[in-house]
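Note sheet for the following structure.
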Amino acid sequence: MSELFGPEGWSAIFLSLKVSLWATVVSVPLGIAMALLLARGRFPGRGLLNGLVHLPLVLPPVVTGYLLLVLFGRRGALGGWLEETFGIVLAFRWTGAALAAGIMGFPLVVRAIRLAIDAVDPGLEEAAATLGASRIRIFFTVTLPLILPGVLAGAVLGFAKAMGEFGATITFVSSIPGETRTIPSAIYGLLQVPGREPEVVRLVIASAVLALGALGLSEWLARRVRVR
Amino acid sequence: MIEIDFTRTLGDFTLSPTFTAPAGVTALFGPSGAGKTSVARAVAGLLKPDTGRITVGGRELFGPSINLPARKRRVGYVFQDARLFPHMAVLANLRYGGTRDEADVIEMLGLRPLLDRYPADLSGGERQRVALGRALMSGAELLILDEPLSALDAPRKAEILPWLERLRDVARVPILYISHDVSEVARLATTMVLMENGRVTRAGPTMEVLGDPDAVPLVGVRDAGALLFATVLAYDEADGLTTLTIDAGQLILPGRLGAPGDRVRLRVPAQDVILALERPQGLSALNILPVTITALTTGRGPGVAVGLAAGRDRLLARVTRRSADAMKLTQGQELFAVLKATAIATYDIGT
Amino acid sequence: EPLTIFAAASLAGPLDEVAAERDDVAIAYAGSGAIARQIDQGAPADVVLLANTDWMDWLDGRGLVTEPRLLFSNRIVLVAPAGAGTVELTDEGLDVALGDGRLAIGLVESVPAGIYGKAALEGLGLWDEVSTRLAEAENVRAALALVARGEAPLGLVYATDAAAEPGVSVVADLPEDSHPQILYVGALIAGNDAPGAAEFLDAVASHPAFPDAGFLPVDE
Amino acid sequence: MIEIDFTRTLGDFTLSPTFTAPAGVTALFGPSGAGKTSVARAVAGLLKPDTGRITVGGRELFGPSINLPARKRRVGYVFQDARLFPHMAVLANLRYGGTRDEADVIEMLGLRPLLDRYPADLSGGERQRVALGRALMSGAELLILDEPLSALDAPRKAEILPWLERLRDVARVPILYISHDVSEVARLATTMVLMENGRVTRAGPTMEVLGDPDAVPLVGVRDAGALLFATVLAYDEADGLTTLTIDAGQLILPGRLGAPGDRVRLRVPAQDVILALERPQGLSALNILPVTITALTTGRGPGVAVGLAAGRDRLLARVTRRSADAMKLTQGQELFAVLKATAIATYDIGT
Amino acid sequence: MSELFGPEGWSAIFLSLKVSLWATVVSVPLGIAMALLLARGRFPGRGLLNGLVHLPLVLPPVVTGYLLLVLFGRRGALGGWLEETFGIVLAFRWTGAALAAGIMGFPLVVRAIRLAIDAVDPGLEEAAATLGASRIRIFFTVTLPLILPGVLAGAVLGFAKAMGEFGATITFVSSIPGETRTIPSAIYGLLQVPGREPEVVRLVIASAVLALGALGLSEWLARRVRVR
C-alpha cells in the first residue's frame, strides 16, 4: 500500500487533505456570512465587495498567488502584522496553502450559498419573527437549515477546488515537501520530467477518489437534510 | 384596546384603515382584496405603514417615532397560508414560539397523531390546525387569525371556537380575527370592522353592526342577523334544553349553554326569524317573543329587513315583500317573532 | 502564415527582441515539458527552443525534430535581496545567510533551473545543509520573485534572470564545474519545412540580445 | 361518469376510496385529513395509486396497464393552494392552459383590474379566483376544484356558483368538488361522496345522502337538510317572488329562479323546517306543506331528526326532543311543515 | 487608447473575450441539460457522471490540459475523428481554448443551475402539467424562468472562470499570439520577463474590469428576472 504512492506521494495526499479540509472549514462560515451580506445587505460598496469576492476566479491563479505573497508574505502588509500580533505565519507554511486554496474557492462557496439564500421563502422568516425569534435565532433555526443544501454544495465545491488548486498555492507558498507540496504541486513537478507519467496517473486517481468521495458524501447529506 | 390609523400604498392600492376597538375579539370583515390581511401585517410589524399610528393595549407598536420590530410585538399570527417550517416536524413547529398550554392545544386541535409528521405530509386542514396551534402556544399578547378556520370542517370548527372564546374571556388575549364567515364572527367578535377597498366602512360593537338593517347589504343578505345577550336560568337534564331569559321573555335552546346565572350571547340570523300576527299554537318552534317593529328597510331584492325591539333587545328579521304587504307590517306594529330553537344551535352561541 | 516558435519561458526577454525585428513571427512561451508534449501532439510549431536537453532528446527520439542544435549556455548564481553582501559557499555561510528563511529555487526535480541548482548544491557539498530549507517554485521567475520580495533571503537562479531583476543582487557565483552545463537547444520541426525557420534559428543563435542578457556561448 | 377504486399508502395513512358517480358534480366531503385532496391528486395523475382503476367518462386514466400522464388527462385542477406561476402576470397565468371563455371568466371572477399584477401582489382570495379562472379557461374535460371558494366572501361566492352550475349543466363538464360547506355542495353536487380516514363511508345522489336522517352525524348536525326538485310555475315581477310546484304542493321563494317550466333544486336545511300540528295562520312564512313523518332519529344531543314525505319528495326537519314529545311525534303522523321562504334563499338554489 | 495595452495586449483581451463568451454560450445550455439530468434523472451511473462533471475542479488544471491534449490533440482519439468527420480542429486553436475554458468552468455552471432546479416548487410544474403542458413546454415556460437566476449565476461563474483560466488552456493549446494567447497566458509570458510588471498590472485590471462588468450585468439581469 505505502508503495503505491511512495512516501512523497503519501505526504502530498495527506497534506492536500489537511489543506483542503481547513480551507473548507474556514471558508464555509465566512462564505455564509459573506453570502448573507451580499444577498440581504443594502450598503454602498456592495457591488465592489461582490466583485472582490469573485476576483480570484477571474484572475490567473498566479496573479492571485502573487497578490497573496505581497499581502500575506512575511514582508507583506498583513503578513507582518499577523506574525507580530498573533504569531501566525502563512508564508511557506501549510496554513498559507490553505489560505490560497480557500481564497481560490471562496467565490464558489459564496455563490452556492447565496443562491440558496435567495431561494428562502421570506414568509417563513416573517413567521419566526412573529413568534418572537431574534434575528440570530431565526438565522440558526430557520434560514440556516433551509439553505443547508446550498451550504453543502458550496462546501463540496470549495473542497474540490482546494484539492485541485495549484497556481496560486505554488506562487504564494512554493512547493515544500511535507509542508506545502500538495497533490497538484507534486503532479506538476512530475509532469515536467519525461517518463514519470505512471506516478502522475496514480496521484490523479488518488485526488479524484478523495474529491469524488467528498462529493458523494455531500450528495448523501444533502438528500438527508433536504427540506421535505 | 386596538387603535389603528395609518396609510400605506401598495402599488395602486391605498390602504388607510382607521378604527378603535376595545379589548376582546375584533373581526375584520370584507370582500376579497379589501385589505384585511394587509392591516393584519401592519399590526404584526410585517408591513410598514407610510405614516400613522398603531397601538395595542396601550403599547404603541408603530408611530411617528417608533417602529417596534415584529419579534418584539408579541403577536401570534396565524397566516392565511400556514407558513409551517418545512424542515421541522409538527411538534417542533408547535413549540417554536413557546409551549403555553401545550397539552391542551394539541388535544383541542387533534394534533396528537400528527406530531412526528413533517408539514409536506399534512393535508390542507391539518396544516392550518398546526399553524393555529403554533400561534396559540406562543403566549402572545395579541392574536391575529387570518381565516384560521376556512379549511376546516364544521365539527372541527365547533371544537376550536370555544377555545378561542376562552382565550378571549379567560386569558383576555385580544384577537384580531379575519373571516368570511359571519356566524364565526358573530360568535366571537366583540367589535366588527367592515372594510372595503382599503378603508373602514363601518366599525362598532358586533351587536349593533349585525343588528343594523342598514348594514345588511354590507354584511351580505344571508349573513345578517342580530346578537342577543341572555342569562342562563336552568338546564333540563332530561331533554337537554337550556332555558334563558332575555329582556323580552324566555328562550329555550338545545344543549347545556352554561350554569345558571351565566351570560351568553346568541346570534339570531334574520332569515330564521318568522313573524306572526298572533301567537301561534302547536308549533315545533319553542320560542315565541312579543316584539315591536322599529324599522322596515326595503332593499333591491324581494326581501324586507325588519328591525324589531324585544324589550331592550333588538332583533332582525328578513321576510319577503309579499309577506310584509300581506301582513301589513308597519313601524310601531306589535306582533310575535318565532325563533326556531335548532336554528340558534350551539354553533352560534358564545359565552 | 507567420512563423510559429514554441519557446521555453526563460528565453522570453531576448527572444522577443529577435521577434520584434520581424513582422511574421509568433512566439508561444511555456515550460519545456509542456512544449515537448504539445509538439508530440502536433502543435503547429516551426521552431522549438527548450531550456532542457532531456526534453529535446525525448522529441528527437520520436523523430519529431530535425537538426537540434545547442544555442547558449547559462550560469546559476546565488542571489539575495538587493544590497545584500556576498555569501560564502559553505554550510556556515549559507546557514547564516538563510537564518530561519528559505532558499528559493525552481522545482529541483523538474524545472530546469531547479535541476541545475540542485546539482550545483550537491557538487558543492551543500545539499544536505539546505535540502530541507528550500522553497521550490513553479519556475525560475517565481523563485526570483520570492527573493526580490524579500520573502526568501537567498535564491538560486539563472545569471540572466539575476541580471535583469533590480530587486536582487548576486551574492555568489557558482563554479562552472559544480553542475552540468546549462544548455538551451533549438530545433526545427520534422517534416515541416517552413520557409524562414532555419534562418530564424540562425538569427537566434547569432543575435546580440542574448549575450546582452547574459546568455553565454556554448563551449563546444 | 367517474369510477374510482384504488389503494395507495401514504406513510401510515391508507387511501382506498371506492365509488362510482354519474355525470355532473361529485362532491367529496369529509373531515380534514380524510383523503379528499389525495383522491383528487390521483384522478389528476399527480399521485400514482399502488393498484386499482380510475375511469372518467369512459376514459381509463389509470389501470393495471395504463397510467396516463397528468398532461394528457385533460383535467383542470384548482389546487387548495393556488399554485399560480409567480413569474407570470395574472393574464399570462390565466391563459396558460387555454383561453376558453376568456372574457366571460375574467368578468365573472372580477379579474379585470388584476390582469397586469403578479401573484405576489394579490390577496389570498384574489389568488384563488385567478387559479379558478385558469382552470376554467383550460377547456378541461374534468374539473377538480379543491375548496375553490373557501377564501371568498359570500357575495363573491354567489357570483361564482351559477357559473359552475352552467358548466355542469350546459357545458356538461364533470366536476369533482371538494368543500367543507354543505350549502355549496347541496347546491352543486349531483353525487355526494362522504370520506373518512381514507375510505368512502357513504356515496349516492346528494338528495338521498342529505335527506337521510342517518347521515346527519356524518354531514354535521347544522349542515343536514334535504334537497327538493321543483318546477318553476311563475315569477311575479311586482314582489320578486317565484312560485314553484313540488309534488306536495306549491312553494313561493324570493328571486327570479327561472322561466316557467324550468326544473330547479332547493336545499331545505333541516333546522329551518318548523313542524305544526295544524295549518298555521298569519305567519310571515309563505310555505306550508302537508307532510307525513317517515322516520324519527334521536341522536346523542337534544335534537331529533325527523324524516318527512311531502308527496314523493322527502324533507328533513330537526326539532328539539322536548318539542317532539310535546307534539307527540310518531312515525306515520300527518302534520304541516313550515318553510321560511328567505331561509331557502337564492344562495341555496341551483338550476 | 491603443497604446494602453499595445497590439499584443489588445489581441489578448479580444481573444479572452471571444474565448470566454463562446465557452459561456456553449456551456450554459449544456449545463442546464446536465443539471436537469443530475437533479431529476434516476439512472445507474448518475453518481459517476456527477463526479466526471466535477473532475476539472478537482484535478490540477495542467492535468486537465494534458487530458484534453491527449483526447483532442490532432493525434488524439477524438481530435482526429473530429477533424476528419466535421473538419473541426481544436488543438492549438482558439476553439480549443474555449473548450478548455468551458470544461474548467462546467462544474461551476452545472452546480449553480442544479441548486436552482432543486429549489423549484414541484407543485408549479404539476399545475402546468394539469393544464396540459408537455414536458418541453413546462420546461421552457415554468422551470426555466424560475431557475433563471441560477442560470445567470452559472453563466457569470463560467465566464469569470473562463477569463481567468490558464493552466489547462496553455497546456492544451499553448499560448500562440492571436490564436490562443488569452489574457492569463499573456500575463504568464510577461511575468517571465523582468520589468514588464506595468503591462501585467494593466492586463490584470482589464481582465478584472471585464469580468466584473459581466458580474454587474448578471446581477442587474437577475434582479430584473427575479421571481416576484
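The letters A, B, C, D and E name the chains in turn, as written, and every chain counts its residues from 1.
Following the convention adopted for this analysis, contacts are C-beta pairs under 8 Å (C-beta built on N, C-alpha and C of every residue); 3 or more make two chains touch, one makes a residue touch a chain.
Here the structure is a predicted model, which is why all the values come from computation and not from measurement.
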Which contact partners do chain A and chain B have in common? none
Tell me, which chains sit next to both chain B and chain D? none
In terms of mean CA position, the chain most removed from chain E is B
Relative to chain D, the most remote chain by C-alpha centroid is chain C
With chain centres defined as C-alpha means, what is the inter-centre distance between chain A and chain E in Å? 20
Whole-Å separation of chain centres (CA-atom averages), chain A against chain D: 61
Where chain C and chain E are represented by their mean Cα positions, the distance between them in whole Å: 34
Sites on chain B at which at least two other chains make contact: 81, 121
Sites on chain E at which at least two other chains make contact: 62, 66, 188, 191
Going through chain C residue by residue, note those that touch at least 2 other chains and give them in order. 34
When you check every pair of chains, which ones turn out to touch? A-B, A-C, A-E, B-D, C-E, D-E
Across the complex, what residues on chain E touch chain A? 47, 50-51, 54-63, 66, 107-108, 111-112, 114-116, 118-119, 149-150, 153, 156-157, 160-161, 163-164, 166-167, 183-184, 187-188, 191, 200, 204, 207-208, 211-212, 215-216, 219, 226
Residues of chain E defined as touching chain D within the complex: 123-124, 126-135, 138, 141-142, 145-146, 225, 227-228
Chain A touches which residues of chain B in the complex? 44-46, 69-77, 79, 81, 83, 85-87, 96-98, 118-121, 134-135, 138
Which residues of chain B touch chain D in the complex? 10-11, 30-38, 80-81, 117, 121-126, 128-129, 146-147, 150-156, 180, 182, 220-223, 236, 239-241, 252, 254-255, 270-272, 274-278, 280-286, 301-303, 317-325, 327, 338, 340-343, 345, 347
Using the touch definition up top, name the residues of chain C that touch chain A in the complex. 31-34, 36, 54-55, 58, 102, 104, 107, 109-111, 134-138, 142-143, 145-146, 149-151
